[in-house]
Every structure is written in C-alpha cells, then in structure tokens.
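Read from first to last, the chains carry the letters A, B and C; within each, the first residue is number 1.
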C-alpha cells in the first residue's frame, strides 16, 4: 500500500486503476445491493405467479421489511458507534404495553400515552447507555440485563393491573385521536381505491367491504421506515455528528483524543435505538389495537442480522444505513417469499443462516481490504 | 461479493428439490393451517400430522405455518400472507381477536374461506363470517375439570402455565378455579418453556406450599417436567394431578396412576376435520350445520390402549 | 538559535506524585518556537507523565507551566488543545476504517448550511486534506482512501499535518518512530523538519538516540523522574546521550561487547 505514496506518477496510474474496482468493493452497501438483486431474481423466477407480487402479496413483504427497517436503522447507527442493544425486542413489548396501560387502564388520551411512552423508553435507552459508559462493561451484557428486566415488567404489569397478559381495546380509545393515525393510519387511500376500480389491483369480493381494494393504502409503518432511513443516512454520512459516530465506533480512545464527545454520541445512539423500537411498538399497537406480553420476541437479533447483512461490521466503526435498510429488505423478502415459493417454512432459518454467514464472510473480506490486513 | 452470490446460488439450487418434495401437489385445492404456537411447542405435532393425513386422504395440498416465537403480531402477517397466496381456505387459531380479527376478516372478504380451530370461540367465528369453529372452548373445559376435581374433594391447586402470554392458557386456569369455586389468586405460576426451569419452579412452589391439593398442567410442555418434579419430591401418586392435552409421558402417567385424568381436546380432529369439511364444501357444496366440539373428553386409566399406541402422533 | 527568543512553553520544577510514587521529581524544560526539542529517556523514566502534564492530562503536584510567558492551568486536554498544544500519540489518534479526510477533520468537522440543516462540508474537507497531505509529501489516491491502507509513517504524517493545520504552536510527538521501518522513519523525520521550519515548536519523545540526533536542536534526558540537563546540538555526542539515558556505566560496558550497535 505504501508504494502508492512514494511511487512515480506512472506507477500511480496503475494503482488508480485497481482502486476503482476496490473503491466499489469497499462500499458497505455493496453486499446489500448484490443480495437484494439476487433475492428478487430468485423469487421472480420461482414465485412470480404465486401471489407474492400481487398488491396484497407485495404489501405483505413490504410491511414485514419495513418493520425490520425501523429497528435496523437504530441498531445500525448504534453498531457503527461500537455498541449493541439486545433489549430492542423487549423494548418493543414494553413500549406497547405501556401505551396500552396508559391509554386503556388509566384512561389517558392516546396522544399523551404515546408521548409519555416515547419519553419513558428513550429515557430507558439513556440508562442503558449511561451504565455502559460509566461501568465500561460490554454493552451486550448490560442490554441483556434489560432484555430480561423489560420483558419481566411487560408480563408482570398487565397481570397485576388487568389480570391478563394482553390488553386490547386500544382501537376504540384511539378513535378520533390526532396522534394515533400518524402511527397506525394509512395514506394514499384514494389512489388505491382508483387502482382497485380500474382493475389494477384485486378488490374484496364479498362482505361489508365488497368492491374496496384488497390493499387500501400505504401503512404509516412504511412511511416511518422511509423517514427513519433518510434521517439515519443523512445523519451518518452528511453531518458532523455522523463523523463522530464512525469515530466513536472505530476507536473510542483515538476519537476522545481528537476531541470527539464519545460518551455523548454513544448515549444518544442508545436513545435513538430505543426510539426506533418505540416507533415499531406504537405502529404495531395502533394497527392491531392490542398490546401483548410476547410482542417483539427475538426482534433484537433480527435487527442485528439485518444490519450485518447490510454490510456493517460487528466490531463497529463501519457500516451504512442504506445497507442496513437493504439488509432488512432481504430479510423480509426471504422470510415471506420462501412461503410463496412453496418452500417448507421451517427451512427459513437455514436460508437465514446461509445469508448471514455469506454476509459476514463478505464483510470480513471488505474490512481486510480497507485496513490493508493480509 | 463472489462468495455471496455463490452462496445464494447454492441455496437456490438446494431449495428447488426441497420445495417440490414438501408440498404434495394434488387436485388443485390448497389449504393453509396457521397456528399461534411457537416452534418449541411439540404438542402441535399432532396437528401437523392431522392435516398431512387429511391432505393425503382428500388429495389436496396442505401447509402448516406458525410464528417461530409465538408472537401474535407475526401471526397476523402470516395470515395476510397466506391470503395473498390465494388458497382455497385457511384454517387458523384465533388466540387474540384484537390482532387477528382484521387479517382474518380481510382474508374472508377477499374470497378465502376460513375455519377457526383450537383457540377462539363459536361466537367470534360467526361474527367474522368463518365457516365454523372446531375446537374445545377453553374456559368451559377448565370449568368442567374444576367441577370434577371439586367432586374429588380438592380445595387448592397449582396451575403450571407454560404459555402465560397466551390468554386462553390463563382461561383454562381461571375456569378450573371457578369450577372449584375458589379464587385463582397466586395459584397460577408463569413456568416458562424450559423443562428444567418448569421442574424447579414446580418444586419451589410445592415446597413453599406443601398443603397444595392438586396440580393442573396445561399440556405436555408443562406436564412432563411436573411429573419429574413430583417423582423427585415424592408427591407422585399422592397429589391430585390433572392435565390438559395428551402426550407420551402423560399417557404413561395416567396408566401408572400418577395422573388422575387428562383432558383430551383431540387436536387431531381440529386439524383433520376442517380440511375434510372444506374440501367437501369446495367440491360438492356440502357443509355441516354447526360448530364441531373436538373436546373436552376426560381420559382416565380405563381404555388407554389406542391412546398409548398413537400418543404424540395422532392423539 | 533559541537564546534570542522567549520560550513558548516553560515547565519549571514540575513534580508529579501518584500516591506514594514520585513519577516526576522536579523537571524543568523550556521549548522555543521553531526548534525540535528531543526528550529522551528509557522506559519508565517519566517521559509519558511529563508530556501528559504538558498536554493537560495530568495536573502537576508542584511546579508551574508558563505558556507564552503566562502561567497556565489546564483543566483538561481540550484546554491545552485550544491553547495550541497538540499531541500525536504513540497509539495514533487515527481510525483505520475511516477515510483520511474524515480522520483529518475528526472533532473539527467543517459545516456548511443547506437550508435549515448544518451539513458536513465534504468538498472543503477533501480539498484541504489533499492539499495538506501534498505539502507533507504524501500523494493520496483520494481523500476517501481509508487510513488503514496507509503505512505507519504515513499515518504519523497525517496526524502531524492535522495538528499543524488546526493551529498547533507546540507539537508533542510521543515516540512517533518507535514502530517504524528505516524508510518510514526517514519520512517522519523529514516531516518533523518541515514542521519545525514553519515556526512550530516540536517536542520529540524517543528513546532512540540516532533518531533524536537526526532532527534535534536540543536534547533533554530524563532518568528516574529527574532531568539530567539540556544540551545544545553539537555539544553532545550520541554515546554521551546513551550513557545519560542509561543513567550509569552498565550500558557502556554492554555497548562495548555489542560493538556500539545499540
């Protein structure tokens, strides 16, 4: 590598030619882009006429992917900042349960329940962060503790208060609320009705909704995913703070020496991860109208898997929000698509494992190129 | 990059023959059974065998789907997905109406026939416009068991709940308590799904409350470790032991007298009958006029031969 | 060369105690603008403690620090950095996975306003990085080249160029050549020379006498937390410096048997 600096201009040209290819290779999104193309090619070939690419089918895998994306954006930025959060799944369950308890049991207005839940959950994220910073313990241990603590409360609280583990009736109390539709609503209903009328998408053939399109709008869940991806991408690549995120995860000590407020960055990223988990939870609760103690199980791993498929390094300091979003898309499309392709659903994990392994091997290879390790 | 593409290519090559092998393509009808059970719940094996046998006998394509972790929100997505793949019918459990009513309603409205099985109730099935409900009303089953236990002189019990987040599990315990005419209170424990944890929690509860009259377990997941716990603390055969559902160990327990009775909801029928009913409905337009109660039936030490033979497979 | 100017930084009778351990027992050093002041000493001699005191990481137990003639009390390293004292650490303040340009501006990112947003000005950062690196004699493939692909010497040079660009008046180099090969060491020493000629005071910490002799204007030897005096270039031979560092005769005897190669 050092030859580049010291060689003559003629030799420089040769190096530059190689670097064009290498430059393309070291983009963290690369794995995600290649994987997305491969996955879609596969399913277009094997599941094209199975309903997977009908309006209903496409909306199904889009919603599942958007769910992964929302938590992957938070997990991605946190992982680039050099930390993990294993409490994401429990946070989803906890946040949903808190909204249900506030809005249904305590009878608060739904907007207030949502806002208080956001404040509470990001505060718990901050506590996660402070404990990691103050104790210097590995974040996966600290957040593993919160995985249990939050899940425990999510089961305990509704049992004590309502004597059951699922609290429903949120749809009724959310009727007419101004904030609830921002999480649980749908947009572009008119466009889909028009498409249904024009015969572009299927319509219900019976029941009270006869004649209405089977997909009646884009859920706010998808809008949230897009907004969070754009926000995360700009924050990471285009701002001063983004540089600090890379620096904090690349080498916290070196970053501190250069005047980067590493602790602040890490705590804020823990809070952002908790925020994303809460967005996930609120969208889910508002869509389904109930909160259950089992919501979000294992979602923390799904988020981390999406991020890793998207090209981020587990060791921190390298990754991309767009890559993580593509990773989430791959994850969602594979999970839902294998069913359409007629593959036994229990084999989903085999595929997931293969993709994960492939992605990690690719990432390691990329890191070697970047750091010049042999 | 190369390795990644290669991996995917290999995966796809591997997937094609498996795809062909696992779905028996037949006369065109396709039925999908969606359950709420996590992968770890072995009780659902009977259900899988039930639909597989029905698919074979009726010559239709059947598929079993479940959320791997038992997350009901994931289950809602699976129902939506099942509907999008355009099957002739969906057989689904209805563990939580708040979450699942919407997707089930959409499936029905888009022209897919639905039968509610296992969890749910005849009322909600009618409300949604499903063809029928096949299963055992959980609260009623618990209540009947409670009455029976009360007749046997039971005044207190321990309910070992291995699936606390599922409302119908708690209903079984609640029904049992109401049948006994006592308050459930703290007599229901959240046992978790891990056998050794369940065993230790049962041991802990019984050593803290040694005068407990009875133990109620909700299926093989909690019954098998509870049997071990009772053997360990010497209460086996002494304490009054009733359980929901059957399984290999439970049948042995009933046979040697450790378990008084098992409530058999006959899951085989819950999976088998909907496929038969729907196939005939779609082929000949015939449909039974009522819901089907597959249980409860109390299984005691008398007449265990058939059950023993097929326990865990079809019983 | 230095007698006609005032020292930019003057450390007087610095003592530093860690509990019962006396790490520095009254060290006095002054550094003039445009000179390369070599601080020599064996491992454990107190070099690290001394420069950490100079860069604001430690507060001296006794003694005073005069910076540009005024007494200074640094609360933390940021105070020292904003006053113009920059340290290039032995374990570099460089992040291998990040690009040269991102590293160069780490903690000092330039921003431009786009509507209501304040964004990282990548164009400015890239241009400046390429220019500054060219001045130091390093031709990068591009500003987005990762630092990990640079050699150890080049990384040192990036770190030095960064400190200089952000207005360092005193540059503390903590063993910059200790892990480098011959050729890369030469590059770093050449960089030190360039920096010195810009009028910046360089404090060069090393235990390698040859490297010190190559660029040093003055030499201070630390031994067991004490200074054994400061010598001008030309007043002292490499052998004498080596003896002072070892603090006795043992090494001389050893050196004899090694044929003067240490």
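Definition applied: a residue touches a chain if its C-beta (ideal position, glycine included) is under 8 Å from a C-beta of that chain, and two chains touch if they have at least 3 such contacts.
Please read all numbers here as calculations on a predicted model, not as lab measurements.
Peer 1: Closest chain to the protein CA centroid?
Peer 2: A
Peer 1: Based on CA centres, what chain would you say lies at the far end from chain A?
Peer 2: C
Peer 1: Report the inter-chain centroid distance for chain A and chain B in whole angstrom, where each centroid is the mean of the CA atoms.
Peer 2: 32
Peer 1: Once you find the CA centre of chain A and the CA centre of chain C, what distance in Å lies between them?
Peer 2: 44
Peer 1: Using mean C-alpha positions as chain centres, tell me how far chain B is from chain C in Å, no decimals.
Peer 2: 72
Peer 1: Could you please specify the touching residues of chain B with respect to chain A in the complex?
Peer 2: Touching chain A from chain B are residues 1, 3-5, 7-12, 15-16, 18-19, 22-23, 39, 63-66, 68-73, 76-78, 80-86, 96-99, 102, 105-106, 108-111, 129, 164-167, 170, 190.
Peer 1: For a test of understanding, state which residues of chain A touch chain C in their complex under the given definition.
Peer 2: For chain A paired with chain C, touching residues are 1-2, 4-5, 12, 15-16, 19, 23, 26, 234, 237-240, 242-244, 246-247, 250-251, 253-255, 257-260, 313, 317-318, 367, 370-373.
Peer 1: Okay, in this complex, where on chain C does chain A touch?
Peer 2: Touch list, chain C to chain A: 77-78, 81, 87, 89, 91-98, 102, 105-109, 111, 117-120, 122, 138-142, 144-146, 148-151, 153-154, 184.
Peer 1: What residues of chain A sit close enough to touch chain B in their complex?
Peer 2: So the residues of chain A touching chain B come out as 25, 30-31, 34-35, 38-39, 42, 46, 50-52, 54, 56-57, 59-61, 63-64, 155, 159, 164-166, 168-171, 202, 204-210, 214, 284, 288-290, 292-298, 336, 338-349, 351, 354-355, 357-359, 361-362, 365.
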